[in-house]
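In the two complexes below, chain A is the common chain; its partner is chain B in one and chain C in the other.
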Partner chain A sequence: MASTAMTSAGISSEAPRTDFGRVLEQRERRFAAALLAPAFLALLATTTFPLLFLVYTSAFRMDLAMPFTNGFVGLENYRVLLSDERFWSSLLVSLVYTGSTVALQVIIGLALALLVMDMKRGQGWFRVIAILPVVLSPAVVGMIWRTFMLAPEFGIVDFLAINAGLGSKNWLGDPTLAMVSVIAIHTWQWTPFAFMVLLASLASLPDDIYEAARLDRASAWQRFRRITLPLLRPAIVMVVIMRTMVALTAFAAIFTVTAGGPGTATEILNLYAYRKSFTELSIGYGSALAVALLIVTIVISGILFAMRRAK
Partner chain B sequence: MTARRFRIIALLGISTVFLLAWAFPIVWSVLNSLKTDTDVLAYPPKLVFSPTLEAYRDVLFGSGSILPNLLSSIIISVGTTIVTMLMAVPAAYALARLRFRGKKLAGFYVLATQMLPPVGIIIPYFLVLRNIGWIDTYQGIILIYLSFSLPFAIWLLVSYFEDIPFEMEEAAYLDGASRLKTLWRIIIPQVRGGIAVTVVFVFLNAWNEFLFAVVLSGNTVRPVTVAMFNFVSVEQTLWAKLAAVSVLAMLPVVVLGVVAQKHIVKGLTVGAVKGGGRR
Partner chain C sequence: MSGQGQVSFRNIVKMHGEFAALKGVTFDIKPGEFFALLGPSGSGKSTTLRILAGLDAPTDGRVLIDDKDVTSTDARDRDIAMVFQSYALYPHMTVAENIAFPLEMAKLPKAEIAPAVKDAARKVKIDHLLDRKPGQLSGGQQQRCALARAIVRRARLFLLDEPLSNLDAKLRLETRAELKKLQRSLGVTAVYVTHDQEEAMTLADRMAVFMSGEIQQVGTPAEVFARPNSIDIAGFIGNPPMNLVPARYVDGDVIIAGHRLKTTTTTAGERDVVAGLRPGALRMTENGLGGRVDLIEDLGDTAVLDLDCAGTMIRVRVADGNIPGEGDMISITARPQDIHLFDPATRMRL
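Presenting the complex of A and B:
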């Protein structure tokens, strides 16, 4: 591995044969180590160490409210977890939330990108306005939707629903509607991301293939199905992978809007781990839930990466 | 009506709907921040009203002012950005340009750290910080923010370092310049633009963070995203003030986002393109 990296890396690539070359190489290695050290020490301290400590805590009963019951319990937390209905329901909520938001983002984003691609004027509007939702804090987005958009009557969504003859709805109080609402909010905020990425890759597709297809009298649908979609596949898969990782660990936009409620209707696994640890102060079990979330993340990304390599 | 004209009208209609849908919640918050509570609660919603800056005056200078929280947000974001850049620039240069064993592994490690769910980081971190008394301190928050800002900054910077031609460095070495001097005098000036873009994104992510902030903040350190909750309680919601605070929390990131408009796709997809392709 090192030798292939060397030739591609440039500077004094013919040197290693001589003593002088070896000295140079050693110096470069030391220089690299010095440059990397601060960042890698920080990453070890803020990611790897917490991970190990998390797995360690998950083997304890650690209840901040009742410290006298604390102690080593081995795999007990995981045994409890497997028969914990709230865990399974939060996992299901996570999967529904992730699956639906990612699908919606990709479908709407792609459709819109195809539409805007053909526009001669007005593309600039899309480029500027699409940026707005994605740069906002999900916490602020959640707060705005919870109040000015979804509040009964004067909230704009409810106002529109009333005028459309649907009547005023309890958008965040009804279990099903609350789930629909948090999915809609996430989709609102992140569809512009899919849109911008797909628009950028659409713009980079070669024109001549389409020219040839037109000469062959391929229909618009055929062109989309046989040319655009296969060429866009890498970009679509990338968007799916990135958005899946984020949706699985979404927090702020659900926390601010419903806090997982009503009941546990919108409680994704991430939120359950948080509530268990910091609201119910049962840190040991919360850690086990976080480890479960990590395993779910790894399994899902493993599947997605396998799909990416296939075909 | 010809099919062509129909197509154009449909296109225009769909475009308008989407542009409105994306812009409206933000514009609506701005409008509400300029209203009185009575006007915010009016039914049907008021588009025309006499604007007032009262809500801003209250949240900034009234009792329970959010100025300290805005200051908190600024200290956290600026602090995170400085520390991140000091570590990420050298690391990214090494990963992009130097030869050493285990380089691919190092790059992969940086990417893999991003797989960790934040909630899995904050639980053990909370325990550690509680033990050393770093809850509700700037150093505590800034340190843990490195967990997401560093991998991001390193990968974004690597992509910029890779664009510089090797000849520049070679010429400097032949002139007898040391490696550090070359990096500082020759390379860094070449990636000024990339560094600026990275600064924007790191600042933006730190400003927007919520989960770590909500766990680690207290009376001393409480960024505006957390302090927002002061305006909504079970008893009452201070509508106009909440709108004003939301607008203040949005303002810096919207400005930065629009300024960095051209780089936003690259900033959003960094790591995925490169690292993902390698795996």
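Presenting the complex of A and C:
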């Protein structure tokens, strides 16, 4: 034994050690897998399975009002969907809602962050107050706006509009104003998130490059355009991605304020799928709508992530 | 575009709350001069530079550039270029874009910018790195990029805030020499902040020595070295620094550790003084101030001896040929003109 070890020492002395290392590594990996398993199974059961079940359901006609017509229909739901005008209009509402709320959040959030950065005192207070809307439940926010802010004559917004000489408006009854209102509500609630992220990012930018830029004779606007914006780009893109995904699947705030109305003026795709499934009880078609929303979300976030990687 | 580059500080005060960072600083810089602001950290030299650049406003006093009061002029409008200690490169721009930035801000036509950028980069030898981002450069290359950005637009004043302090020792010596040549060839007025007396001595035409918010001396490096104004400057300039030992002045002579030495300084009567003796100005002699060699630091061509003269520590620089052994008793002397006398109370030169 000893002699073989000696003769082969020069050639294969590494072999037993790597072997041992491999066993150890394997055992460690198995242990890690065991630790991971419960969480993994729970996730599988609560996210992956419902998702697959949704796709499965979308291939059926499942109408609780007319159960005798139920059965497998393949891609029939999707064919109907593509020629469903209400689907296209709700998709458009979704895109307008998402695009405008995200743009407003970034612009207002950035403006606030720039403003607060220059505050000598009270920054801490401002942050605490600003974060309040974020911690509220969207349903509560919706209720507050519908009653306290937008109610005709008694709501604060309407009161201000009357005093500004615009007259009382039907904020949630007029199709255009209703859309503006739900966009404003979402923006009001989530701008603080963009504000906090961008403020943190701004605070991490070094002072010296701004001093260098001043000496290089850049104006305040040029410093913003050429230095601040490019350096904030990763944070802005991150905010856009996160907020887009949430806005595309928004539900509670709109549901409590307008429930998609008047008519279908504020009916985003998510809400349409909900109405189809649980109001009209056409669960198969509702599932197809939900799958369509999923595809739209994946495509848009894919594009955003690709943009993030580019340059 | 470029003016003369003449600078005057008139009684500049800078307060940070109760703390006076600058307590009334006055000096003049001549056009084309390489002027160093030298002092230990916290002495106010960087504050002075920032006030000159227009990045900070003085609490009181006036700043004049080419005889024009610019005290309340923004940094943008002073026509000053600066190299920061941190280099302050724009991290999202390439080297070429960094160097081009001041020209773009000056609304130079694109056709003129490209050759100017190339030219500046060539002057500091980074023309092969133009497409890199600052994060991909070494410290020395970043420093050169910052230099190029500062020289590209030929401002009337060129400020350097400890530009060599982040470089390693060898690179620092190389860059120091190049910096001097560069300034000469551009013929621009340069103001250079450093805490390294050797840098100031080798680079500057003239220098201002800062001590706790005040200028204690302005002069050429040779003048400051030969006739330091105060105990603080004497202890700051020179390597190893001047020996500062308590002594007694008795009409024309100074008594150090019981030994009497002639001096050229004349002051009234008999009094306590602080005697300053440069280690290099001391010579071994037959019959002088005696002491025991405590420690020898051999530097190759010279050696520095720590001499214990009856309890007073004196450092002596001797040439290679005649280094005594540790523990030996030797005796030293100095020429009368090499003995500096200071008032122990006011700390100023007598």
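The working rule: the second predicted complex is superposed on the first by the 294 of 311 C-alpha atoms of A that agree within 3 Å, B and C clash if a C-alpha of one lies under 4 Å from a C-alpha of the other, contacts with A are read in each partner's own complex, and residues count from 1 in each chain.
The rule is short, and it goes like this: a residue touches a chain if its C-beta (ideal position, glycine included) is under 8 Å from a C-beta of that chain, and two chains touch if they have at least 3 such contacts.
Keep in mind it's a predicted model, so treat the numbers as computed, not measured.
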| item | value |
| --- | --- |
| Partner chain in contact with A:L82 - chain B first, chain C second, else both or neither | neither |
| Touched partner set for A:S277, first chain B, second chain C, both or neither | first |
| Contacts of A:D208 with chain B and chain C, given as first, second, both or neither | second |
| Touching partner for A:T297 - first (chain B), second (chain C), both, neither | first |
| Chain B versus chain C as contact partner of A:A306, first or second or both or neither | neither |
| Which partner reaches more residues of chain A (counting touched residues only), chain B or chain C | B |
| Which of chain B and chain C A:F193 touches, first, second, both or neither | first |
| Common ground on chain A, meaning residues reached by chain C in one complex and by chain B in the other | none |
| Residues of chain A touching chain C in the complex | 206, 208-209, 211-219, 222, 226-227, 230-231 |
| Contact footprint of chain B on chain A as seen in their complex | 1-2, 5-6, 9-11, 25, 27-29, 31-36, 38-40, 42-43, 45-51, 53-54, 57, 112, 115-116, 118-119, 122, 125-141, 143-149, 153-154, 156, 159, 188, 192-193, 196-197, 200, 238, 241-242, 245, 248-249, 251-252, 255-256, 270, 273-274, 277-278, 283, 286-287, 290-291, 293-294, 297-298, 301, 305, 308 |
| Interface residues, chain B side, partner chain A - complex | 11, 14-15, 18-19, 21-26, 28-29, 32, 40-45, 86-88, 90-91, 93-95, 97-101, 103-104, 106, 109-110, 113-121, 123-128, 143-144, 146-147, 150-151, 154, 166, 169-170, 173, 179-180, 204, 207-211, 214-215, 225-226, 228-229, 232, 237, 239, 242-243, 246, 249-250, 253-254, 256-258, 261, 264-265, 268-269, 272-273, 276, 279 |
| Residue ranges of chain C in contact with chain A within the complex | 53-55, 74-78, 80-82, 84, 86, 88-92, 101-102, 105-106, 149, 153 |
